[in-house]
Structure formats: structure tokens, C-alpha cells
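There are two complexes below, and they share chain A, which is joined by chain B in the first and by chain C in the second.
And now, the complex of A and B:
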């Protein structure tokens, strides 16, 4: 106990060190918990939304008439769990609301064990009691109401009466692939954050130990055995971790809750399913993980394991091993064919870059110093070298954080741009009108072309969806691809961005002179513009030249686009729709005309503008979330460097006071501090740049294709570099400002010259 | 003794310890001519280091007047902070050399680079610095770092730094306090030899009566300490 009291007495004399270590544990725990909690939340929410979209169903009348309250009554009397869903479209300023009947929803609340799609309460902001929704619709301010009957239970159970059929009920676009990719990158971010927090914790702890070296030596001279000191240190760190990790985890959950609620609300709006922030991982996992990390990084030196000698031998090889690690990582990333190997490669590159960075700064400073004849420049260079060596761990953490921010910013921007292009392509038209089952789409097309308000406008086209077979030819195996038949070629198609194309591709397409393929198919079959592709459609083989390759924005399936007129008579489509952009034309006149042609009372009309707005809001929120987490990581790394700089400077302030004793004015000494700290942080930012660009490349070109079979376009954004340079400048200036405060206090002379050793050269 | 280099009248200084006001120096008068030497005696805490700090402007007096190297500083008048600070910095840069008991050298630089740095700041030719290390018999250690040489060698290097700037006044705060007797005597010999050779004034704070006896004047702070 006396030994423990003697050890702790150090912190009584240096409370700042204890505070730094405790703060680092709390903040590191909070940050990692926040990221992991958000990732699990996002995963749960996206999974939930996908399930909801996939599993929701509605009841349709077989005669094509819209469902009514009488149908609801009939179905409920027949024992089916249906719920009225009154969707009221109001003018843009007031938006859309959904009226539901809580009583009817009761049967959704007790789903079968195997069916979990509806087990969430419906309390989203846009939901009203159905009576209020009906009143809004009846208010006559331009609101349009549509009644649907939502059906509970898995397909086929129980069978509906003959007059009805089951139909999918989906209002949102399928964002699954982009979402999965986003989650994978969030996972990678979580691992990096864990690595950075581990580095920061170790750096603060190591500095604390270095400060206590004299105390340990004194205890040893007093006859205290080394193992006893080691044991006391283990107890000390376990106690400290126990006290700090739990509040850190709580803070992280709070942080995740704050950031994640917006994300959950955005998903609610998109998928009409309440998704709650705050659900997800338990307390135990983050607490145990952070305890393990704290103990591992702080007590790594105390462990005696067989590999330690090997590591020491390798460490003795110094920069040769590090360089080899870096080169091996870079090479492995190029050749790796599996995700696991790519992650190993990323780890090797980070390890190599992390060890090399402080050494490189130090070596460059040494060379600059030698090359200069000016004594003050030589001192500055020597001091930069000392700072780089003594603050190596927090500097590396800052380098990793900067690289990560750079990569994530580039990735998120690419995601945003890709998502925007994807939506522009998929939702080029203002509305989609589904062709009802059994209806004649050709008759509708004829009406649109000749008699409708859209006649001759070029603002509509027909879309036929189906499958085509690419027969095995020239060594390529047979393959089934998605087929989209379009016609006539509308103005909306002209807005598509094509990756490669002949001159005037859409004109040739409209004349039926060829086909277009998506990026995935072109890559897999090594197709270029001008190559011929043979398709088997409805049993007939048909060969046509490739007129253009269009981007698929993450869709992994192969696609072929042909003119609708080329479809053989026996082709059986999976579905048909019309894409229309009425512009100034009367939409109601178009829809009522189609109803007449198809002799139906209802049309499935999808407002792409609304879907786009909803989808945008979801992704804006997720991107904001990612950016927030990376910026928080950067702030943590900067804070760690500040704390470390502060603590380290307490041991060095005497030497800056010497400059004042030697005649430098306070401003000049402060100027020296600014030069040193800014040079240090800017150097690390410069070294983080190639690492960040490489990480972007690795995520875009290696991780994504290996995980999902498709690749985003790679882009770098120099404006981010300048932003990060600005940020590094601010961090450097903050460190200098903090150190300058210490200069105002009388500096204590170092106790002994031996206290100076370590990292001085 | 040459013309008056330093004149101090009515110098006083106190420190605050929590709510308590602790007087350290009170009504100090002293005069020192160019080339002269003065020993500051007194037990630990008597204010020797504080007086040296006041005499080179590292601390500000509560009261009193200091005239040094032709510059007048009046502690009783409202502080002309920046102006005084600049003038003191200029004096320390070119005319007043300070030697502490330890840690006079930048640890990340060789002995020679340390001397060059100090001489360079004082506007002296850094190329002459090797000669100063030679004069102090540590020329062969010029490329070594402070933690690679003994305490005595470090103090010799510190003296080389001070004299390389060709000061008018050297303030030495127990410069041999951390050395063994033999080494301390050697370092003290060098200090007095170089002081005599360069003609600068010396104020030496020390516990060592023998060392103090080598100075022309003595000021025992035990006798001037405030009650």
C-alpha cells in the first residue's frame, strides 16, 4: 500500500499528467464507442429498411379498381390483417402525410414469430390518425388522397379472397448496394479510430512513465523489487481504466444518439418505417473492448511473450524493416485478390508509414541543420528533430487521422456525386407510371404519341423490363443479364452520362442500329464501343453492335439496353412502365387518358421528385454523420498532440527560457515556438497526404470491388488538402499558444543532465 | 576598477505565496565598476538568485533603481513593460552573460553549436567559437552533446558560451555548485582567469566562502534580508 501511495504521489505533484491520461481514456472511449455504436445503428436501420421494403405488401383488386373502405371491411371480416393507409399529397410547402388507423394496426403489432417486418410502432412525424388525414384531404387546398390497404403476414399466408391479389408496396428506391458499401467504409473507419485512440493512449501513458523514471529508480534503490513496481503499475492502470472507460462509453453513446437521431429520422421518411437511434450494441462490448485496448497498449511492455524477442530483433533492424513493411503492404494491395489480404496490406502500409514519418521528419531536420551555417537555424532543426522523436506517437496518430479524413472526405464526395448521378439517371423523368397487369402498353404508347398532351413533345418513353441471355461465345460463359427496352427515345435519355459512345449514340439507338451496355457488363465481357454482342431473347438470337457504355453507379448486375421496337414478339416482360415529364402539360389529363386506354380506375404513379428529395435527405444525413465522426477523430488527435505537447513542454520550458536569458524578447521566443510547432504539424500533414490518397485508392479500387464487385470512380479533391493544411496550421498555432502560456511562469531548472537523455539526437 | 557599470539603489522584491506576501529582498544598494567582481553570499532562500534575475531583467523589482551598462531601469515608476523588456533583452543579448548551476546548454546541440548559437545571438562571429572551446581545454569535445560529457566539461562549455559573446557583465549563479571540489576549483579558476582577461565585471552568487573571497567585493544577503 505504501508502494502504491509512493507511486501515486507522482500524480499529486503532476496532476496534469493524470488528467491528460484520464481525459485521453474518456475521449478515446467516447469516440470509438460513438463510431461503433453509429455503425451498428446504421447497419440495423438499413437492414430494417431493406426488410421493410422487401416485405411490405398491399392488397389490390383483381378488377383493377381502387380499393375502398368496403374492401377493407370485407377483408377484415374474412379474417385478414389489413390496415388502411391514406396517403395525402399536399402542396410542396406542407408536404405529404400518411393517415393510419391505430386500431386496425393492432394486428400488425402481434406478428408471427418468423415475420418481423412490422414489429415497430408507427409514430413517425409524418403519420396521423386516419381521421385527421381524411380531413386534410377534404380541406380542398389541392391535396390528393390515395387509399391503400396494407397487408400483414408473409406471402401466401393466408390466401386472399379471389377478388383480391397481393402486390408489393414500396415507395423508396433500393439503396442496398450503396448502403452496404457505406457501412463497410464505416467499419473501416471504426478500426482506424480504434488504432488512432490506441496510439494516443499509449503515447500519453509512455510519456507519463518516462516522467516517472527517476521515481522508479529511487524505489529500486530503496530496495523495492521491480516486479512489485510493475504489479502496482498494472493495478494503477486497471483502476484508472475502470474509472474512465465507463463514462467514455456513456459519452460515446450520447454522441451517437445525437448524431444518429437525424439519420434515423431521414430513413423513416424514406422507408416509412420508424427507425430509432439508440438501439443497437450493448454497453458490455464497448466497455470490454476499450478496457482491453487500454490495458493492451499501456501494459504491452510489461508482457512477457515469446514473440517479444523477435519483435526486438526486428526493431533493431530499424528503418530497413519498416521500409520493407511499407513496400510489402503497397505490393500486396496491388496483387491481393481477397478482402482480408487487402486489409492486411492497408495495415502494413499504415504501420510502415507510421514508423517512418517521425523518423523522416527528424532526418530531414538533421540534414537541414547540417546544411545551414546559421546557428539559430541549426537549433531550430535540432529542436524539430527532438519534437518529432519525443512526440512520435501522437504525431503518427495525427497523421493517421489526417489521412483518414482525407480518404473519407474524398470517398464521401465520390459517393455523393455517384449517388447524384445514379439518381439523375434512374429518375431522369418526373414520374413513373406502372403499366397495370394485363394492360396493353403499346396502345398506351400509341395514345401518348398521337393524342395525349405529351404528343410530339419527346417527354415520355416506355420502359420494358426483362431478362436476356448472353450465349456462351468466344470463351465467354453464358450469362443472364437484365434487359431494358426503351422507346421512343425521349429527351430525358439525352441527359444520361455515357462513359464511351459513338457519335450521336441515341440517334443510332432510336434507329435500332445497336445496343447499349452498362459498365459492369462491359468490364466483365471486355466490351468496347463498336464490339458486337449476341443476345438470346425469347429463344431468338440477335447480334448488335455496342453503341455506348453507360455507368451503372454501383449496380453489380449486367444490363443491356435495346430499343423497344427490337423486342421479339414472344418476349415476356417482367414489368412495364412509362417515364414521363409533363413539364407544362396537364398531368391529370395524361393519367386520365391512360386510365381510359387501360380501362382502369387506378394508376400506380410514382413521383420521382419526392423520392429524390427523400433519398437525398437520407444520404445527406449519412454523409454528414461520416464527416462528423472523422472530424471528431481529427479533433481528438489534435487534442492529444496538444496535451502531449503541453506535458512534454513542461520538461523543456527551461530551454526556451534560456533563449530569453540569451536576449531573445518574449515575442521572438513565442515566434520560435510558432515556427517549430507549425513546421511539425505541417510536416505531418504533408506526410499524411500521400497516405490519404493511397487509402482513398485502396478503399475505392481494392476494398469496394472485392467486397461488392463494383468500383466507384476515384477522385482526389485538392481543396480538401488546403482545408487540412489550414487545420494543421490551426493545430500548430494552438500548440504554440499553449506552450507560450508556460513561458510566462518561472521555469524550473532540470534536476539533472541525465533527465535530458532520450530523443535528443 | 574602471567606470561604474552597475548601480543599484533601494531594490526590493517580494513573492506571493497564496495569500501570504513573502519579502525576499529589501533596500539593496550596490555599485560595481567595469572589470570588478562581487560575491553574493547568503544561505538558501536569501535571495541571491532573485537578485541576479533582477540584475538581468528576468524579473521585475517592486521598488528601486537599476542602472546597468548605461541603461536606467526604475522599479518605482509605472512599468514601461514592453520598452523595458526590450531594453533588458538587448542587454542580455549583447552585454550581460548568465551562467547557471546546471542546464546552460541546449541538449539537442553539440557543445560547439551551443557556443555558436550564443555568440551568434550576441552578434559575434560564430567562427571564433572553436577557439573559445580550445581556451577552456574542451576543444576535442566540440562535437559531443551535453549528455555525453561530464558536469565540469558542461560548465566549461557554459563559460565558453558566455565569454564568446564578449560580455560587459557576467552573472554566475553558483556555477560550481553541482561539481566536486577539484572540478569546481578548475571551473572557478577558468572563470576568474577569463574575467580578468576580458575585463568584464562579475557577480557571483555562491555559498562557498573561499570562492567568494576571490571577489573584490562581497554582499551578504543574510544581513540585508528583510525581517
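And now, the complex of A and C:
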């Protein structure tokens, strides 16, 4: 007990150190818990939603007439769980609303669960009780109402009455695997945050230990055996972790709760997944994880684990091993064909870069000192070297945090730009009009071709979707791919961004001289522009050259694009529609004409402008949140460096006072401090730059294609580098400002002669 | 009265798509505020009379009403089987009965419906709940021909006022029963006005107490032939409970002597308001007031008093009533206890018991 009291007396003399360690544990636990809590909630919600979406369907009348209240009543009385969904399209200034009947929705799933699920949108702006929605539609003002009947339960159970059939029901653009991609990015972010927090914790703890070496030596001289001191230190850190991790986890859950509403909104709008609070919200996992991390990083020196010797041996090999690790990681990232190997490669590169960075700064400082004859410059360089070595861990943490922020920023910006382009090309038309089941799309195409001002305007095209078979050829196994047929080639297709193409690809396409493939198929079959691809359509084989490769985000399926005129007569499409930008044409006249051609009372019309606006706002929210989380990490790293820098500089106050002894004025001493701290933080920012750019490349060109089959274009954003450089500058200046205050107080002697506690010269 | 009232309030809650109203009594049944609409709610009062067959149909100017059937059946193997079917109607916007509702195409929301179904067999209790908005067509009630339905659950008259058919189907159980109504409706309280407190709250309440039932009940794919007797209640009001009344204990008993007894207690603080009807095998029903009837709870099962002593000294009735082993809580949005009971003591018999407003629900 006396030993314990003697050990703890250090913190009584240096409460700031205890506070720094405890604060770091709390904040690190909070940050990681926040990120992991949101991710697990999102994953649970996504899973739940996927199960629900898998069964989402609507009921259509076999006679093609629109469904009515009478159909709803007939189906409910026949025991089918259907609920009305009344979409009311209003002029742009007022927007769309959806009317639902929450009472009818009660049969969707378990009552309590379904009620909670439907309760959320009801509080939103665009969902109303169906009576209110109907009243809005009836009020006129150009509003248009469409009733759908959503059907619960798996197909065929129970069988619908003969007059009805089941049909898929979509609430918005199909985001496919974008949800998983989003979560994978969050997972990666969580791992990086964990790594950074581990480094920060270790650095603060190591500093504390270094400053207590003299106390340990004293205890040893008094006859306390080393194992006893070690045991006491283990108990101390376990107690501290127990006290700090739980509030940290609680704080993290609060953080997640604060971000949760915006995050949930983004998740719901983007992936149609409401974020259900309380899901994936176990306390045990984050507490145990953070306890394990805290104990592992703080007690690594206390425990005689064999890896430590290996690391020491490796470290003894110097930069050769580190360089080898870095090069191996870089090479592995290039050649790896699996996601796991790519993550190993990223880990190797980070490990190599992390070990190299402080050493590199130190080495450069040493060389700089040798090259100069001026004593002050030599002192400055030597001091930079010492600082780089002694503040290695927080510096590396800052480097990682800067690299991560840089990569996430680039990734998010690229995501935004790319999806913007992609949405533009896929939603180039103002409206999609679905061809009703059994209706003749060719007759409609002929009719549209005769309608002024649409005729010859290039403002519409027919879209056919179905399946094609790629027969087994040249060692490739046979496979089924999605078929996408367009025709005539409209002006809207000119906005498509192609990844690779022959000259004037759309002209050749419109002449039927070839096909286009999506990126996924091109990667899978190693297809390039000019290669030939054999297709089997409706039993007929057809070989055509690849004219272009187009990006196709958010889903893994391979896809072939052919001209609609080349579809064989026996081809059975899964769905057909018309993409139309009426421009000066009257949309109502077009839809009325198509209704006449198809002899139907109802048309499914999708307003792409609305979908586009929704997607835009949702991406904005999502990316804002991702950025917020990375910036929080950066702030944590900066604060850690600030604390470390301050504490560490304090131990060197005596040496800085010697500057005054050498004849420098207070302003000159302060200037020296600014030079030291800013050089240090700016150096680490410079070293973070290549790591960040490389990480961006690895995420965009390796992780995403391997995980999802599609890649994003690579881009760098130098203006953001300057923002980060500015942040590093602020951190450096802050450390110098803190030191300047410290120098005003007397410090007659160096606080320790130990090399680890800042006494290195 | 009964828990039936319960659900209706909840329907309002869901249908209103708004913040739940502050609870007034159990399930909001002590709510007394007027609707914002210009048409006021009607509140039953002494002197009101029953009208047949109209009163089998809905009362759109009253806040709450229900159609309630409980049955004590026996399988062909001699096992007792209890059964409940209830349909609740909650008026959200009152209108005179003579006025037609808005057309279904407007998706009106002047009323909300709820249905409860339950089967109690071999100690197991299966329960299901359904919701619907009124006046659209998939839920409703008519007096002539008598029909009450919500989705595919329905009670319909078949070829005459005394032959009914009840069909209810849930995920893992269902029943399809033929009902033969015997005897005239029994008006409770004062010619149908059943007081629920000394200060005047009450409802219109009548029962059909002698219903012969046979048919099939299917549980987990096993179809059972059943037969037995049922008890059907109709009740409506605009303010059933007095503020401060926490819930009620209700009994409908078939005694082997051919006599029937309906009794209830509305709990308020340590005491409460007790009322009932003694229906002799021969002769006119007799309304029982607070001085005529004693309801004493016995041992608890969890928070539920599942054993009772019922006494009507004037008629030599001293009954011990108990629920069979099992948990008979209907776990809907407003949970309550609804179980068959066996009767011993001065008379033997069987019946149903409903307990609402207990903490453990």
C-alpha cells in the first residue's frame, strides 16, 4: 500500500500529467465509441431494411387500370396485408408529399416494430395521413395524385386474387451496394481512429513513465524489487482505465446521439433505411475494446511479450527494415487481388511511414546541423532532432490523422463529383415513363417520332432492360449479365462520361457497329475498347466490338449496352420505359398520347428532377457527417500533440533558458521556440501529404474495386493541403505560445537528468 | 363496459399521427373533451332507451363503442377452450347517425377501428390485434343485416337475426364458428343505461347472454371441433370512466343452474364503484347496485388478482371464481387480462373475467 502511495505521489506533484492521461483515455474512448456506435447502428438498420425491402412489393390490377380504394378494401377483406401509398406531386415550390395510412400499416411486420418504423416518417415533413394528402391533391393547384397499394409478405403467400398481380415497388433510385460501401468506409475510419487513439494514449502514457523513471530508480534503491513496481503500475493503469473508459464510452454514445439525427436522415434518404435508435448499441463491446486498447498500449512495456523483442530487434536493424516494410506494403498494394491483402498492405505502409517519419525528421535535422557552422543553427537542428525522437508517437498520430483527413476529404469530394456526374448521365432525361405490362413500346416509339416538337429532337429515347448470356468462350465461363438497350441515340446520352472509348463512340453505337460495357464487366472479363464480346440474346448469338466502357456505380452486376434496334424479335424484356425531356413539348399531351397508344388509364411517370434533388441533398448530408468525424479525429490528434508538446517542452525549459544566458532577449527566445515547434509540426504535415495521397489512391483504386467491382476517379485537392498546413501551423504556434508562458516562470535546474525525460542534449 | 373501450383510444392515437394525447384513465377512457368539430359527442344518461335492431349498428356520435364476444367452449376431446372476439370503434369526428360519412375515395378519418381475437387452450393464450380506419370499407358494422368486420375478421348474421357466423384468422390460429342466439337482449342498469360512477358517468350496455356455439378452432395446424356457450356485449358511451378511475374488473358468468351474472368493479383509490346484473334462468333480469353486490379480490398471480369472491346475498350467491393456470394477458397496445374462469361455491359454472389497469400488464 505504501508502495502504491509512493507511486501515486508523482501525480500529486504533477496533476497535469494525470489529467492529460485521463483526458486522453476519455476522449479516445469517446471518439472511437462514437464512430463505432454509429456504424453498428447503421449496419443493424441496413440489415433490417434490406429484409424489409426484399419483401417490398405493390399490387397492380391485371386489367392495367389504376388501383383504387375499392381494390384496397377488396384485398384487405380477402386477408391480404396491403397499405395505401398516395403520392401527391405538387408544383416545385411546394414539393411532393406522400400520404399513408398508419392503421393499415400495422400489419406490416410485428405490430410494435412496424408502428415504430412508420412513426418516424410521419413526423417528417413529406409524410402525411392519407386523408390530408388526398385533400391536398383535391385542392387543385396542379397537384397530381397516384395511389399505390404496398403489399407485405413474401411472393405467393397468400396468392392474390386473379384480378391482381404482384409488382416490385421502389421508393427511389436503386442505391444497390452503395450502402455497404458507405459502411465499409465508416469501418475503415473506425479502425484508423482506433489506431490513432492507441498511438496518442501510448505517447501520453510513455511520457508519464519517462518522467517517473527517477522515482522508480529511487524505489529500487530503497529495496523495492522491480516486479513489485511493475505490478503496482499495472494495477494503477487498470484502475485508471476502469475509471476513464466508461465515461468515455458514455460520451461517445452522446456524440453518436448528437450526430445520429443527421446521420439517420442521410441514411434514410440515401438508402431508404431509417436509423433505429438502440440497435447495435451494446455497451460491452466498446468498453471491452477500449479497455483492451488502453491496457495493451499502456502495458506493452510492462509485459514481457515476445513481440516486443522482435520489434526491438527490427528497430535495431534501423531504417533498412522500416524501408523494407514500406516498400513491401507499397508493392503489395499494387499486386494484391484481395481485400484482405490490400488492408495488410495499407497496414504495412502505415507502419513503415510511422516509424520512418520521426527518424527522417531527426536525420534531416542532424544533417542540417552538420552542414551549418552557425552555433545557433546547429543547436536548432539538434533540438528538432531531439523533439522528433521524443515526441515520435504523438507526431506519428498527427501524421496519420492528417493523412486520414486528407484521404477522406479527397475521397468524399471525388465521391460527390463522381456521383454528381453519374446522376447527371443516368437522370439526364426530365422524366421516365414506364411502358405498362403488355403494351407495345415500338408503337409508342413510332408515335413519339411523329410528334412535334419531339420528332427528330433527340430529346427522348427508349430504354429496354433484360438479361443476356455471355456464352463460355476463350476460357471464360458462361455467365448471365444485365442487358441495357437504348434507342434512338438521343442528345441526352452525349453527357455520359465514358472511362474509355473509340473516337465518336455514340455515332458508331447509333449505327449498330458495336456495344458498350460497364466497368464491372470490363474488369471481370478484362475487356478493353476494341475487344469483341459474344452475346446470346433470345437464343441468337451475336458478336460485336466494345466501343466504350462506362462507369456504373453502386452495384456489382456486369452490364452490356446495345442499340435497341438490334434486339432480336424474340427478346423478352424485364422492363421498358421512355426517357423524355419534353422541353417545349407539353408533357400532359405526351402522356395523354401514350395512354391512347397503350389504351391505358394510368401511366407510371417518374420525375427525375425530384430524384436528383433528393440524392443531392442526401449526399451532401452524408459527406458532411463523414467530414465531421474525420475533423474530430484531427482535433483530437492536435490536442494530444499540444498536450504532449507542452508537457515535453516544459521538461526542457532549463535548456531554453540557456538561450537567454547566451545573450538572447525574451523576444528572440520566443522566436526560437516558434521556429522549433512550427518546423516540427510543418515537417510532419509535409510527411503526411504523400501518405494521405497514397491512402486516397489505395481506397479509390484498390479497396473499392476489390470490394464492389467499380472504381472512382483519382483526384487531389491542393487547396485542402494548404488548409491542413495552416492547421499544423496553428498547432505549432500554440505550442510555442504555451512555452512562452512557461518561460516566464523560474526554473533553476533541469527537471531531470534522464534522457527519456527531456534531458537529452 | 370492458376493455374494449381501451383500444379505441389507442386507435385515435395511432390514426391521429400526432403526439399521443395525455392519458385520461385507462386507455384514455375518462377523456371528456369535446371534439373540435361542430357536432358534439352525445353522452348517455339515465332515461336513454335501447332501440333494436339499430343499436346493433354503430353510433357515430358517441366517442367509443364495442361489440364483444366471449365463449366458454369444449373440444370434442372434452378440453375447455376459451375464446374472445372484440371489435372497437373510436369516433374521432362525431357526426349524427342520419348523416352519411364522406366517400371512401377521400380516405376519411372520422373513426378508427380495432379488433382483438384470442384463443385460450391448454394453458396457452394466443392473441392478435388488427387496426383500420373507418368509413373506407374494410372495417365497419351494420345493424341490418347485422355484420361487423375488420379485414377478413367478421361476425355476420346468416339467414335470420338469431344465426350468426364468426370467422377470425391470425398467423398461427383461427376459428370459424356458428352462433345461435337464444333469448332476448338483456339491458343492464336502468333500461340499458349502465352507470359507471356515482357522479353520473356511464354507458349504454346490453348483452346477449345465451348463445349456443359450435364450429372449429385451428391452432398450429391442428383443427379442433368445439361447442359451448357464448356471451355477447354491446356498449357505447362518450365518457365511460370518471377521472381518477384506474381500471376495472369485469365478470360474465354462466352458472350451471341456468342463471347468469354480470358484475364489474371500477377501481378508484382503495375503493371503487360496483355494479352488475343478476339474470335468473326464469324471470326478469335484476340490476345490482353497490349495496347488492360484493367483489373481493383473492390471491395474486404476479400483479393480477386471478381469484375472486363474488357475493349477491339477496339471491344466495357466494361464488369463488378463478382463472386457470397460464398467462392470459392480451399484449396489444393497451395490455389487459382476458381469461376464462371456473366458478365454485354456492353455484358452479364458468365464464369470463377481464382485468384492466393493473401495473403488471
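Here is the rule we go by: the second predicted complex is superposed on the first by the 661 of 761 C-alpha atoms of A that agree within 3 Å, B and C clash if a C-alpha of one lies under 4 Å from a C-alpha of the other, contacts with A are read in each partner's own complex, and residues count from 1 in each chain.
Heads up, the rule we're going with is that a contact is a pair of C-beta atoms (placed from the backbone, for glycine too) under 8 Å apart; a residue touches a chain by one contact, two chains touch by 3 or more.
Fair warning: this is a prediction, and the values are worked out from it, not measured in the lab.
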Field: First, second, both or neither for A:686, with chain B first and chain C second
entry: neither
- prompt: After superposition on the shared chain, which partner residues are touched by A:654: those of chain B (first), chain C (second), both, or neither?
  reply: first
Message: With both complexes superposed on chain A, which partner does A:386 reach: first (chain B), second (chain C), both or neither?
response: first
Query: A:662 contacts which: chain B (first), chain C (second), both, neither?
result: first
First (chain B), second (chain C), both or neither touched by A:738: neither
- prompt: Of the partners chain B and chain C, which touch A:351 in the superposed model: first, second, both, neither?
  reply: neither
Message: So in the superposed three-chain picture, is A:376 touching just chain B, just chain C, both, or none of them (first/second/both/neither)?
response: first
Statement: In their shared complex, chain B is touched by residues of chain A numbered 373-376, 378-379, 382-383, 385-386, 654-655, 658, 660-666, 668, 749-750, 752-754, 756-757, 760-761
Field: Contact set on chain C toward chain A in their complex
entry: 11, 14-15, 17, 104-109, 112, 129-133, 136-138, 149, 151-152, 169, 332-333
Field: Residue numbers on chain A that touch chain C, as the complex places them
entry: 68-70, 72-73, 76-79, 84, 86, 99, 101-104, 106-107, 111, 115, 122, 128-131, 133-135, 138
Residues of chain B defined as touching chain A within the complex: 56, 58, 85-86, 89-94, 98, 100-104, 106-109, 113, 116-122, 126, 145-147, 151, 154
